[in-house]
Amino acid sequence: MMRALGLLFLGLMLATPAFAQKDGLVVDLPGDVATMDPHLQWDTDSYTVYRNIFDNLVTRDATGKIAPQVATAWRYADDRTIVFDLRTDITFHDGSRLTPEDVVFSVQRIINPAFRSPQLSQFDQIVSAEVTGPAQVTLHTKTPYPALMAQLVKLSIVPKAVVEKLGDQRFNQEVVGSGPFRLRAWQRGVQTVLDANDAYWRGKPAFRSVTFRAVPDASTRIADLRTGRADITRGLSPDDAEALKSERALQLLTVPTERIAYMFVNAQAGPTKDKRVRQAIAMAVDRDTIITALQQGYAKPVNIVLTPANFGYVPDVKGWPHDPAKARALIKEAGAEGATLQFLTSPAYDRRLNEAVQQMLGEVGLKVDIVTMDQPTYLRRRQGTPEEAGSLSQGRWSCACQDADGVIFPLFRSGSIWSKFANPAFDAEVDAARTILDPGKRLEHYRRAFEILRDEVPGIGLFQDVAIYAARRELKWAPTANEAFFVMDMKWQP
Amino acid sequence: MSAVLEITDLAVHFPGRGGAPIRAVDGVSFHIAPGETLGLVGESGCGKSTVSNTVVGLLAPTRGSVRVLGTELAGANRRTLRAVRARVQMVFQDPVTSLNPRMTVGAAVGEPLLVRGVARGAALRDRVAALLEEVGLRPDHAGRYPHQFSGGQRQRIVIARALALRPALLVCDEPVSALDVSVRAQILNLLVELQARLGMSSLFVSHDLAVVRHVCDRVAVMYLGCLAELAPREALYAAPRHPYTRALLAAVPEPDPAVQRAKPRVPLSGEIPSPAAPPAGCRFHTRCPMAVDICRQKVPEWRKVGESMVACHLAE
Amino acid sequence: MLRHIAGRVGQAIVATFGVLTMVFFVMRLSGDPTLLLVPEGATAEQIAALRHQLGFDRPLVVQYGAYLADLARLDLGESLVQRAPVAGIVGERIPYTMALAAGSLVVALGIGIPAGIAMAVWRGSVLERALAAFVLTGQSLPTFWSGILLILLFGVNLGWLPTSGADSLGSLVMPSVALGALTMSTFARMTRIAVLDELSRDYVAAARARGLSLAAAVGRHVLRNAAIPVVTVTALEVGNLLAGAVIVETVFAWPGIGQLAIQSIAARDFLVVQTVVLFVSVVYVGTNLLADLAYAAIDPRIRMGA
Amino acid sequence: MTQPALVVEDLSLAIGPAQVVDGVGFSVAPGEVLALVGESGCGKSLTAQAVMRLLPAAIRQVSGRVRLGAEEISALPERRMRELRGRRLSMIFQEPQAALDPLATVGTQVAEALRLSVAQARPQVRKMLEDVGISDPDRRIDQYPFELSGGMCQRVMIATALISGPAVLLADEPTTALDVTIQAQILDLLRRLATERQTAVVLITHDMGVVADIADRVAVMYAGRIAETGPTEAIFAAPRHPYTALLLASIPRLSDVPKSKLAVIEGRVPTPAEFGPGCRFAGRCPLADAHCAEATPPLRSVGDGRLSACFHAERVR
Amino acid sequence: MSGRITPGVALLLALLAAFVVAAVAAPILAPFDPLRQSLLLRLRPPGTTLAAGTFLLGTDDLGRDLLSRVLYGARASLAVAALSVSVSLLVGTLLGLLAGWFRGWPAILIMRLVDTMLSIPAILLAVLTVAVLGPGFLNLVLVLGLTRWPRYTRVAYAQTLQVANLPYIRAAEMAGSSALRILLRHVLPNIAGPLMVVATTEFGLMILFEAGLSFLGLGIQPPFPSWGSIMSAGRQYVARAWWLTVFPGACLFVLVLCVNLFGDWLRDRVDPRSQSR
């Protein structure tokens, strides 16, 4: 019996593949890739990996401007019709050429409800796509849709022939893209190894291979960095960052992102139905302390529920000052002293922020009950009726489109599942901004929308989140606001 | 006066491994008259303890009848059984496990009186004190726990508990075989004295023929689930009719070298067969020094020979 | 013997079925994964449509029936979250957990049983006291704490062993030690009791009266007899090891089914959870059956059906 | 008289401060059966274990010399002692089934006494099994203890004990767990083997009937001390110690008057904690006087090769 | 270890008592409010003395006094363990008694349920159940209580079977005692010893389980301290603020060690097999 166990044990160990190679890059991610198929992706870790395998229709440059990738140029034929000119020199990893048919197939695949893409809602403004030339495709949208280009940044182009040949399920395991890296091995729960695509049209990547390892525990990720088992990791907290600051072999790479840390305040139920209570909360929360103490400075103050990295940011809308005395007075005026607020949360959110807010509100006479649930239960309640949704919750929102439409529309537009706020004037502004292409006019609408939000306080912008990466000092890379993780942009420093 | 215990054709079978039932007791009949003590002797596995457990209603008969003071136990319901048990009490072999170690002696002795609503409070205490004195213990022992007593004292406590309800029949299952020699005499004296004083009937189960002779009026010998012989004491010991009885008597070592070494040896060969597969014919024939053909073929009749009842083809 | 084994298999099937049923309903009561599968900006209609597509708007009993029907066809289904066959997802993780369980068993048996024997044979000695302290320590250490301390010491400060992952034999050492500690204590205690129990029996005295040394008596007679309770515990402990793997795998980022189970419960990936539970339950039941067979190998009384 | 096979002198054993065996001595000649009788806790089994040097860890040997034939063995190192066990000094136990390893075959265990495997010693083992009256020894040799009855197991134990032809056999209550008819068989067997093989047997028992059956000489023990010793017939006919006398009188016999009052030894055996300076039987003794409680009566000759540890030995009736 | 109260056992009992006192008297002993944050005093090392006072064990990531939190954490550990052990002891013993006394189909039913429960890893079951009920003190007690009873049932069942065959039970039957009386007065007191031994072992395990679940974020909810949750929060600071994991971990270890030692001592008293012979 013991011998059998021993043999089993040895066999297993021999079956486990060898250590990642030195001329490769090792990335520690908090989790494993859930789906490799870009059109099925719903989580950040999958997103981080597959984007290195696929090209997108368009991309953003270092300054955040929409830039060509598969598409070289685009123009509006009318408000609802956009024509894209495509590159003709791109080949997939299997050697076949990337054609307009592949682009059309990719669009149709993701907007087909039967395919059940988790990203459907980001693309469902597109009604149809068609090939309109040997190197040209045309997209039609339901209404004029200003955020379209921002969304297309996330549209990965998949090879039609391969997908049809393998079927969706197998394609998900054995993806073929046209990006700088190709999939070598995917060991579920352990790691994904990508090999450089030497024939890449933008040039040869700086690494022979990239290994993305799943390391759920942040302290283990840090330990891996220290011991040289990993070259770069993401998803570090400001405290982790502080701890790593003194490490000579490591560097911290930080960038303010389009992710807005905010607090939801229920305007339709509970003690916070009273606008004065909501305004008092806005004044009770000491955002400066949160930024300096909790975030250790890894955050930028904001005045509204949007970051400067998004289109639609209006810097001159006044934020609420930190004024506990006035907050207390307002609460007294509203007769809400000692009222109990339910603060819904899940382990996905920063526990410390919850507890800090709990204490800040306690100081102005509001009792806060932190109710922790697991993520599905949290979502069910938060997205349910106003009565279920609790009085408060925190969030870190990013639409990965860098547009106000992707933030305040789902958060506060009446009828949206997240919104526990109904204000016809606000609805009118955001609806209008959604269907105009002219940036100047859109900005005006957003200014008025943010004025309303400021007064009504259905949510409080806390800070602009800063993404923190830690890497070996020799790695050269500039992270971007949209948290894209393009290994193509990295290299060893000479 | 009718019999205190009347057993007719009693059989008790247990489910055995692999189909064949274990015939622990297979067709036993006897009775006990008021005031009489019947000894039941035999070697281990002969079924004597099964008989005693059936008499007190702890086992149900597979076949036959067990009547205690005229009440039939076979097929009786719980109420009947409970009522009958008030009149039949038992003394067990092992005085250590016969008493709940977590219960005081007083509580143990008083339990039958308490749960049957005979006495409570001060009256119960007085009864318990009297019972303890009756078996030669001090009333102040009531507050102690069993582990504070020696084996002999514990057996006295067990007897006191059995006497609490003044039973008509006392079943003693090897009451002295776990006791040291010097204590054994104390308990035997006590049992003999109590029988005489209280006029109880008694079923006395033992493997020790000398002990049985000492306390019993009549003696039944069991072998492999059946009775071999049943006779008045003097008849059985003076003139055993069954070859098994003879062998058994010959095997008992007398504590007197002069007697013991002069004794004729009746060597019994072999071992007791399994009660799951008893031999055909006379069950004793496999070990019987006298066995002839008929013994192997025909089950001997239970018949009267002189004063004795015998199950042997050859008994004269 | 055969009948006994058949009976055990029957019991095992009933138990496994009970487990599946219990887990099915408990999971379903906790809500479905639809909300986790839609992007943050999805509308209520989109969510409802997806829920309908996934079949979570059907009555629970219907879903249960459908699940059993699939299971009867040996179809474990497709993961809702990973969009891949569950059999593969769980199957890829199983070797890791088995390796971890085997590693911990090696630690637990390799240390626990000799320690238990030594404690019994040298009862009352300084060695026994030292071993008792060691065993008690193993039994009282919280796995996650010892895990962190191990990582800190051997991984970070000394740099002897990899801090996480599953890509070399070295990575198996720390998780195995952390997970095996508790089981090691159980084995040591059980072995000690079993050996003491046997040492007090007459046959040991008889063997020594025959001229065997204590060591020979232990080696020739005691260990075989003491093996039966130890085998029983081994079988039960495999279940405990799989359970303990949940925390250890999380701490050490060990990609086994424990980690998968936690993630899948959080993601409400029903079929994955069901399959993990099914697997664990089958392993538990299977090891207990093996233990039954081992008894027969050890003990002629069982082998011959006495 | 020939040289004794075994001589024990002044054996004292203690648990903590309590001397549970105190100055015990006896000797056995080849072919002789000496019965060591007494009630439970009198120290008779411990005495045997001390002779074997297999005492439980909690027991301490305070004094004592053991001679096996001409050899003094009480100071031998454990390794030498091990060579004697099973070869020149054997022991059998009360529960024959418990004294056999349930997982090893009969043959293995018998052969073990020869330090051989069954394969090596099969003919010898077979012969020995036959000698102890086991029918069909070829089959029994490969059977397990659970397949054998209690009597058969005791025969196997005797076979393991005697196969090396030891000079001394210590038999600790060898028939207590057996039925009377089987007991008779085993006693006959022991008697026969002792005579045939000239083995000295120390028979430990509490049963006066067994003693009367096969013992040549008796040593009666009480509370860790020898009360009296002597030839069996003499002791049964006229005990010289009040304990022996009362013990014999308290046993129901096939010859006494049914339902008569048996003689009783009042009270109970003192526990080691209750041992006083004097005679340990004094508290229960009808003959005891003040002196008995203060001084330990020495074991003294009372004629006919008999020794008694009683100041009033001559007054015993 | 002997069954008597030796100086070692006395020390052990004193230590256990100290833990209980720490838990009960936490409000008196704690130098600070365990919930009071000072974001500006985050992660101060042990022994830091400031105007506010001395932080003997340092402060946590929200500037709360670690000593006070550890003291209050003892409450969570002991309360959860005590309550959940009570629940499972009660349920398990009851079912075991019933199965052992009535045998037949109640025994089959109960023991199959036991098999089922035992073949699900306890932690997994707990995680699942917490997912349904939501975390929190009461739910934690319920989850642990209702998943651990099979261990008691097994012991109670085996012991009841054993005791039910003893002569004194037959004597009680013959005395006319009802089944209920026999179970309560005769069986229960005599199987209580082994059950208490199981309960002690389980008590130690429950302390570890509570900490484990709190560590996974499924136990006692913030801001209320539990050793597991303090360590869970402190895990990300192991390199920078070791005290957050070391002190509660050490407390946990010592407490469980004491409980286990106590269990051993109890086992020796209850189970004569492991006593010296």
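So that you can tell them apart, the chains are marked A, B, C, D and E in the order they are listed, and the count of residues begins at 1 in each.
Note that in this section a contact is a pair of C-beta atoms (placed from the backbone, for glycine too) under 8 Å apart; a residue touches a chain by one contact, two chains touch by 3 or more.
Small disclaimer: the values here were computed from a predicted structure and weren't measured.
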Next item on the list: Could you run down the chains that neighbour chain A and chain C together?
Entry: E
Next item on the list: Enumerate, in label order, the chains that touch chain B and chain C alike.
Entry: D, E
Check: Which one of the chains is farthest from chain B, going by Cα centres?
Finding: A
Check: Roughly how far is chain A from chain B, going centre to centre by Cα mean, in whole Å?
Finding: 87
Check: Could you state the distance in Å from the CA-based centre of chain C to that of chain E?
Finding: 21
Item checked: Chain centre separation in whole Å, for chain E relative to chain D (CA means) -> 52
Next item on the list: Identify all positions of chain D at which a residue touches two or more other chains, and write them in rising order.
Entry: 57
Next item on the list: Quick one: which residues in chain B touch 2 or more of the other chains?
Entry: none
Item checked: Per-residue overlap in chain C, given as positions that touch at least 2 other chains -> 30, 123-124, 148, 152, 156, 250, 265-266
Checklist line | Partner chain D, residues of chain B touching it in the complex | finding: 43-44, 150, 152, 180-186, 188-189, 192, 196, 207, 209-211, 213-216, 233, 237, 247-261, 265, 267-268, 271-272
Note to self: Looking at the complex, which residues from chain D come into contact with chain C?
What the structure shows: 52, 54, 57, 78, 82-87, 90-95, 98-104, 109, 112-113, 115, 144, 146-147, 157, 160-161
Item checked: Interfacial residue positions of chain A with respect to chain C in the complex -> 1-2, 5-6, 8-9, 12-13, 15-20, 31-32, 34-35, 37, 40, 42, 113, 116, 118-122, 124, 168-169, 172-173, 187-191, 213-217, 219-221, 223-224, 226-227, 229, 374-377, 379-380, 383, 397, 399, 406, 409-410, 415-418
Check: Within the complex, which stretch of chain B touches chain E?
Finding: 56-58, 82, 85-86, 88-90, 92-94, 97-103, 108, 111-112, 115-116, 158, 161-162, 164-165
Notebook entry, point to check: In their complex, what parts of chain E are in touch with chain B?
Noted result: 166-168, 170-178, 181, 185-186, 189-190
